[in-house]
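Labels A, B, C and D are assigned to the chains in the order they are written; within every chain, residues are numbered from 1.
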């Protein structure tokens, strides 16, 4: 019984969201407000049940060895709440500083490795090797030169004029546009798939018209 | 306002309506156009084709219902392949909903009303065989049949919970879970979703940590799949394959090129390609959901291209190309 | 005290964790483990700020009888009811959610019901709006207004046709060219953007660590 | 203090350079390779003994023992060394094969261990014959290796019959210990040091007041224009600072731009709406806007409800912003920061409501959608650059210059790669491989 009601509720809200395509309307407005409330309520519960309870409350109440150290992040976390009191609001910078400092520090070498060195390594490809077909060779040339040209486009401290910076950045933006066009075209399929999923729900699970 | 201008400023709602119709019709009148598998998908298929009961793989249902239309068929296809070859599969999930979707995938594969189903033998059902100390896949099946259990007609074989698969389910902060599993799976998952002890499972006894796993296939709708690269591939050299949404697929070509993943299924098409490979190699007798979904894709793509062409005809026929720009774009 | 100590914490923490990366020794590992253990706990408390903001906004609306104020109840009631039910009837969450997703449960708690039948469908449907929007965006944007726009348009159409089986029926080379574009020029462009972004990220991380970039401190008094 | 940094850096650079020169690639043996050789060796033997093997397989176990007993010998030459670049929880055990002819009844090895002084040996691992003769102890969570403990090892050859021929227990030559520097990370260290050096150099150059040219970015110039338009129309401005957290660099860049936008907005008295998805970003955004109103001299005009938090759930957030766009009909929308799939939903709804839209993100996948639906788009690094442009602080500009220098280095290396590749094609050498090796890192840390 609850399942049937659930199905109808879900179908109602699905249609409510789709009705937005025609016009903003009360049913959409209701769905919009409800989902904001429910999702945030859900996050409160998840944060408590999945983070605070197992990682903070349980170790301390069970008296696990070294659990008292967990009071440090707990106090830091509580300092966030000082934001509500303008006089002491600056205290909320401490937890932020903890997360920012450590986060940036942890991220720095990893970004260097993944975003720079790995990408650089991947750009150093042999343009031709025996047995490579012409389209691969052409592709390699286009890719490496494309990377170079697009990098020129991202030069901020030089005017985009002259043979090197002018032409280079122009080719760069062309390559970038080809990439964007390709990504757009490639994405269409995924977006249609999402709609297929909802149609399967409406026509299959709800109305049982299709298998 | 002439007709071309009207066409250019066509109310978007007409486009919405057309897309809606294009996506519903094929469900009633399928086209069934052929699909050619691509290299990236074939390489995953071939890799799994090399594995057997002595190996083990991870299959991650690392997505939410939002992208299930794309990811679920991939998960099912890989599971079908592994089940057919008796490769032990550890099933995990990065999101809580992913756990439920994984359970649905297993349900679908073991649903006796469907074609090419697998006969599911739960952990408790074959406990007697386990108690005799039998852990080899072939011997278990022998003993199970000797107990008088016949393989139902049309069934593709038995799958023994704890020997052929373990549904480990969802855990939060999954990147750290992968890190933890690189030393011990059981440290992260003492039990599977049903509460059975993972420690006792023969498949765990033979593969205690990610270092002893031959492949992880992550079917992901978010960047969570890169966790398998960062914490699995980079840290301990675990071979990883991606099943990602079509959108993410272009980004992860980089990983194929750099050799960090062995292959990738991109979107519904990737899933359909895997289904075709399974169909061609007689792992199944009828096409799956992704294959049918591709019909919708055909029509929708044609419709969008038709609209773009229409827009350009109006643009040039109306002489807008000679006028000042309609709206500034970079 | 108000600015300098947080800035010092960031600098020390940042440098410490950069160095930590290069040291495999167990003390260094322990330090890293503390970070991974503590960060989610600290982060979890921040949600209180969000809840405070949202409830203030909507209670203001109700008080002021602003336009559409009735809908504010649709935010406030579930916002507090969901955690309330979850804590009052714990079986409606956690295990409950898990099991119901596993398909073995027959009854659903209030929590499950709201999550499965309201939140999930609304979110998935919102997401699927993209199918409509991508079509209308293509219709309006893909016009050969300039050479650059034409390149964008052609690349998109070739790849689109290459994606679907029907493209292969039209021309055998569509998928091939589509894949070629995706693999070579597209990858080249992405890599350049990625490298640029990479340096931007690195520079910003350094600027934060050295206190050059300090807007994250917010105002909140000097 | 900052003055000393370059000197320290130089020292660091030198040190790492030296380390790089000295450190050979991480010494850990490659099990895969050894495995291969073992395999081929075994195959060869199999061919030789094929006939005998066939006969044996029909007879019973005791006979097997009797038949091949001669070829059974204990593994020898056990060498235990510390596994490098770890926290000190693994040891590498190598040994010589246990059967001189490598007969096919020899199926594998068993490795035993005890702490020195103990009597009983514990089985810590078994290996197939194909796995080679190297064993990494410490990976099995049931039998962890403790740092600094002296162990004794014994290796036994295991035969098809179940018979085990064991070596004498020997004391491990090394104990497990954690290392102070990870030799596999030298390249990352050099990269980091170089980057740090360049950025700090340009910080200083900028502070010394060296004039720096910055090319115009279309999107930045459009910002003021867009604010003006909203003011004329008397409609609000919507500013979405991305959907990510504060530790995302794009968010930080966006907040800087928000400060600038808010100041203009305060001057003109245009209403501003800033919905947030992350609670911490929300508090900072609120402070930033409040500050901007103060700087503009109109602190009273700041409406507390203009900056607000919606929800952490991605699509619930989008539903909310969409509703706001259709109800409030803002004249200008800013989407700056990190975006995911919602980018197109936001931008299309915005364009439907007739707003001027300015977007900027470093999310490569989402850029095409902003480019096609928004009036101006800041591509990738342009977003960070924009925040530096608007700041106009010398150090910020210096950092852009430093980033450009890094891009220059990258371009030089790629160009060198092209040249070397051409050389390789002509001369048939492998110089590119050498360059790649200089940068390439082992997959396993």
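Simple rule for what comes next: a residue touches a chain if its C-beta (ideal position, glycine included) is under 8 Å from a C-beta of that chain, and two chains touch if they have at least 3 such contacts.
Predicted, not measured: the structure shown is a model, and the values here were computed from it.
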Touching both chain A and chain C we find B, D
When I count C-beta pairs in contact, which pair ends up with more: B-D or C-D? C-D
Round to the nearest whole Å and give the separation of the Cα centres of chain B and chain C. 22
Here the gap between chain C and chain D, centre to centre from mean Cα coordinates and rounded to Å, is 19
Centre to centre, by mean C-alpha position, how many angstrom separate chain A and chain D? 16
Any chance you could list the residues of chain D touching two or more other chains? 185, 188-189, 192, 195, 246, 280, 283, 310-313, 315-316, 319, 327, 341, 364-365, 367, 369, 371-372, 379-381, 385, 400, 403, 407, 410
Where chain C touches two or more other chains at once, by residue number: 18, 21-22, 40, 46-51, 54, 68, 119-120, 122-124, 126-134, 136, 138, 140-142, 152-153, 157, 160, 163-164, 182-183, 186-187, 190-191, 193-197, 199, 201-202, 205-206, 208, 216-218, 220
Touching two or more other chains in chain A are residues 17, 20-21, 29, 31-32, 35-36, 38-40, 42-43, 51, 80, 83, 92, 96, 99-100, 103-104, 107-109, 112, 116, 118-123, 144, 147-148, 151, 154, 176, 180-184, 186-189, 191-192, 194-195, 197
When you draw the chains as points and link the ones that touch, which shape shows up: line, ring, star, complete, or other? complete
Touching chain A in the complex, chain D uses residues 185, 187-189, 191-192, 195, 212-215, 217, 246-247, 280, 283, 310-313, 315-317, 319-320, 322-323, 326-327, 364-365, 367-369, 371-372, 379-382, 385, 400-401, 403-404, 407, 410-411, 413-415, 417-418, 421-422, 424-425, 432, 435-436, 439-441
Considering the complex alone, what residue numbers of chain B touch chain A? 13, 16, 19, 23-24, 27-28, 65-70, 172, 230, 245-247, 249-250, 254, 257-258, 267-269, 293, 296-297, 300-301, 304
Within their complex, chain B touches chain D through residues 12, 66, 183-184, 186-187, 208-209, 211, 233-237, 247-248, 250-251, 260, 327-330
Given the complex, residues on chain A that touch chain B span 21-22, 50-51, 114, 118-119, 121-122, 182-183, 186-197, 199-200, 203, 210
Of all residues in chain C, those that touch chain D in their complex: 18, 21-29, 46-51, 53-54, 56-57, 60, 67-68, 119, 122-124, 126-127, 129-130, 133-134, 136-138, 140-142, 152, 190, 193-197, 199-208, 210, 212-213, 215-220
